[in-house]
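Both complexes below contain chain A, partnered by chain B and then by chain C.
Here is the complex of A and B:
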């Protein structure tokens, strides 16, 4: 069997995701955990690029890698010192979290295995940005404008809430 | 396939390489060889551009400050930065005892890899475009938003107060100004009707977007220039590495080649930002065409696209250097006020106006 570049890349990305996911939860330094999480998210974006879903990959990079991880790192920078290390977790905690994650993995794997994957001979499609834009703001059958607007209102509320919380502290001082 | 090479259109040349490689070996190795060729070319390009931007910066700075600048190594000091690089390569890499070694060593690589990745989406000339993603502009934005992670890690893991303060400042700065960069680019994406960089360049065949889009395009360009200068941590927004207050900011503790990585990445980011501005606003490799002046357009077509691309990028880089050596440094509160109270609202309104113009079909040259 001929190995294609795609397969090698897939193996590489999956290996990075697996190894660094485990490292993210096992490392005892908090900033290292954030960095490993970043690597996991970036490799996921790589998988999206491989699937030719470039918009999704871009969103993954901006929102998760460039947005959320940067926020996490920022808050770590403000709150924790370099010499800080987490204590090793007790056996009971480790035991139950292992149990929970294994149960989750079994649930996911059985769901995936139940799905019938059909091989297609169609060429990989490139999703046009116009299509995404039109359906995101469309009011017709495949339009997503209502959820889009609802989420915007939610975000606005969260933003106002954050400002109120930040302001209140200042007046107390 | 016969060998073809032309300075006006590289498509034939790159296709010739592809066909020859595919004829000579299996598809797997052909792809691998192509990756190696592109990689080596980019490495060389990266080194040369980085070095000569440093040289240009010194010369421009010297010119503005009425000095001579580097003039000993080679004619006009032309090899000065190469000598500097050799010096940096030979320096000892000091390892910090109390630092988080893993992150300390990782940080320069994150910074340099992100700038390398962003470079891949830039169209250099017709047919010289490493990857033409259909989200080109968004991709460059997404990738460059990750560079800040390297800076934050560098500042924290060095276990030094100067580094930490520098990293915090530059983090706050980059995250805020990223928004304005994105918003000003979106205004032009509205005008172009696409985020694909090749389509954006093709769309400027009759006239560059900065002229096509009336005043919103000019406003977007000005906002982009301000925000991009801030995003690359350059003066007057260089308070992240304000020498007089913070030693050298986030890379205070780095030495030798690791410091050179940060230094190179900084200049390369400036190059990427400038070439993105040239591509989006000034037409990239597209020659200056004015609708109605046929003979003028033909004369402009005689200048190869590569020259146009390099020329525009160099002009924008010079403008950015001019900024740096002209304006005094901002304070952190002034910096954040400028972004959140002025640039961001203006660019949001700007997008609305641009959308209205496109909706009414008022663009020049339609």
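Here is the complex of A and C:
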């Protein structure tokens, strides 16, 4: 069996995702955890490129890797010392959490591997920006204008809420 | 051939392992920001699942694509509000460990 470039890329991306997502949740330095999370999110964008969803990959890179990780790093710098190390997780907690996670993973993976997925026979749709824009603002059968508007209201509410919550209260003296 | 011969199950296995890494972090971490990071891992693996199902099973439709687009937008809003709350908690308690924050009223 011949190994294609795509398979090598897929193996690389999934290795990065697996190693660094485990490191994200186990490392004892918080800034390193944020950096590992950034690597996981960037290689997820790589997986989206492999699925031919270029727009989603771009959104992933700008919004997740660019926006959320920067937000997380800022809040880390505001709330903890960089050199601070977490105390190690107690073995009991670590053991039972790992047991639950591994059991869940094994259950899900066996289910996935046993199930026969049936693809449609319809021809694949070419996804370009014009189609995405028309669907996002379309009101017809494949239109998403209602969730689009709802999510803009949600983003506005989240923005106002974040400002109100994080604002320092005025002191009397 | 679409996707150059990589089976759908490979993507699903990767996203499952990522999901349960996030679950492990959610169960063991005590710092609020690291818990938030575990939640981001979980959301991200769900996004991969939506896109993979969309690409492999229904390539003529766009539902999974837009669903994960909206999930990313909601995750951004959620991270912004959560970090505002975390900074507020830090101001009042001087720590963001979940075990030391046990008062709703200050």
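We take it that the second predicted complex is superposed on the first by the 146 of 173 C-alpha atoms of A that agree within 3 Å, B and C clash if a C-alpha of one lies under 4 Å from a C-alpha of the other, contacts with A are read in each partner's own complex, and residues count from 1 in each chain.
We take it that contacts are C-beta pairs under 8 Å (C-beta built on N, C-alpha and C of every residue); 3 or more make two chains touch, one makes a residue touch a chain.
Remember, predicted model here, so these are calculated numbers, not experimental data.
Of the two partner chains placed around the shared chain by superposition, chain B and chain C are both touched by A:76. By the document's definition of touching, both partners, chain B and chain C, reach A:4. In the superposition on chain A, A:29 makes contact with chain B only, not with chain C. Once chain A of one complex is fitted onto chain A of the other, the partner contacts of A:135 are limited to chain C, with no touch recorded for chain B. When the two structures are aligned on the shared chain, A:54 is found in touch with chain B, with no touch to chain C. When the two complexes are overlaid on their common chain A, residue A:67 makes contact with chain B and with chain C alike. Touching more residues of chain A than its counterpart among chain B and chain C is C. 4-5, 55, 59, 67, 74, 76, 78 are the residues of chain A that lie in the contact sets of both chain B and chain C, per the superposition on chain A. Residue ranges on chain B touching chain A, taken from their complex, read 26-28, 31-32, 98-100, 102-103, 106, 133-135, 138-139, 141-143, 145-146, 148-149, 152-153, 155-157, 159, 164, 167-168, 171, 175, 178, 194-196.
Interface residues of chain A, counted against chain C in their complex, comprise 4-7, 10, 14, 17-18, 21-22, 24-26, 30, 33-34, 37, 40-41, 44, 47-48, 50-53, 55-56, 59-60, 63-64, 67-68, 71-72, 74-76, 78-80, 86, 89, 93-94, 97-98, 100-102, 104-105, 108-109, 112-113, 117-120, 122-125, 127, 131-132, 135-136, 142, 144, 147, 151, 154-155, 158-159, 161-163, 165-166, 168.
Residue ranges of chain A in contact with chain B, taken from their complex: 2-5, 29, 31-32, 35, 38, 42, 54-55, 58-59, 61-62, 65-67, 69-70, 73-74, 76-78, 82-83, 126, 128-129.
Residues 2-6, 8-14, 16-25, 27-31, 33-34, 36-38, 40-41, 44, 47-48, 51-52, 55-62, 65-66, 68-70, 72-81, 83-88, 90-91, 96 of chain C touch chain A in their complex.
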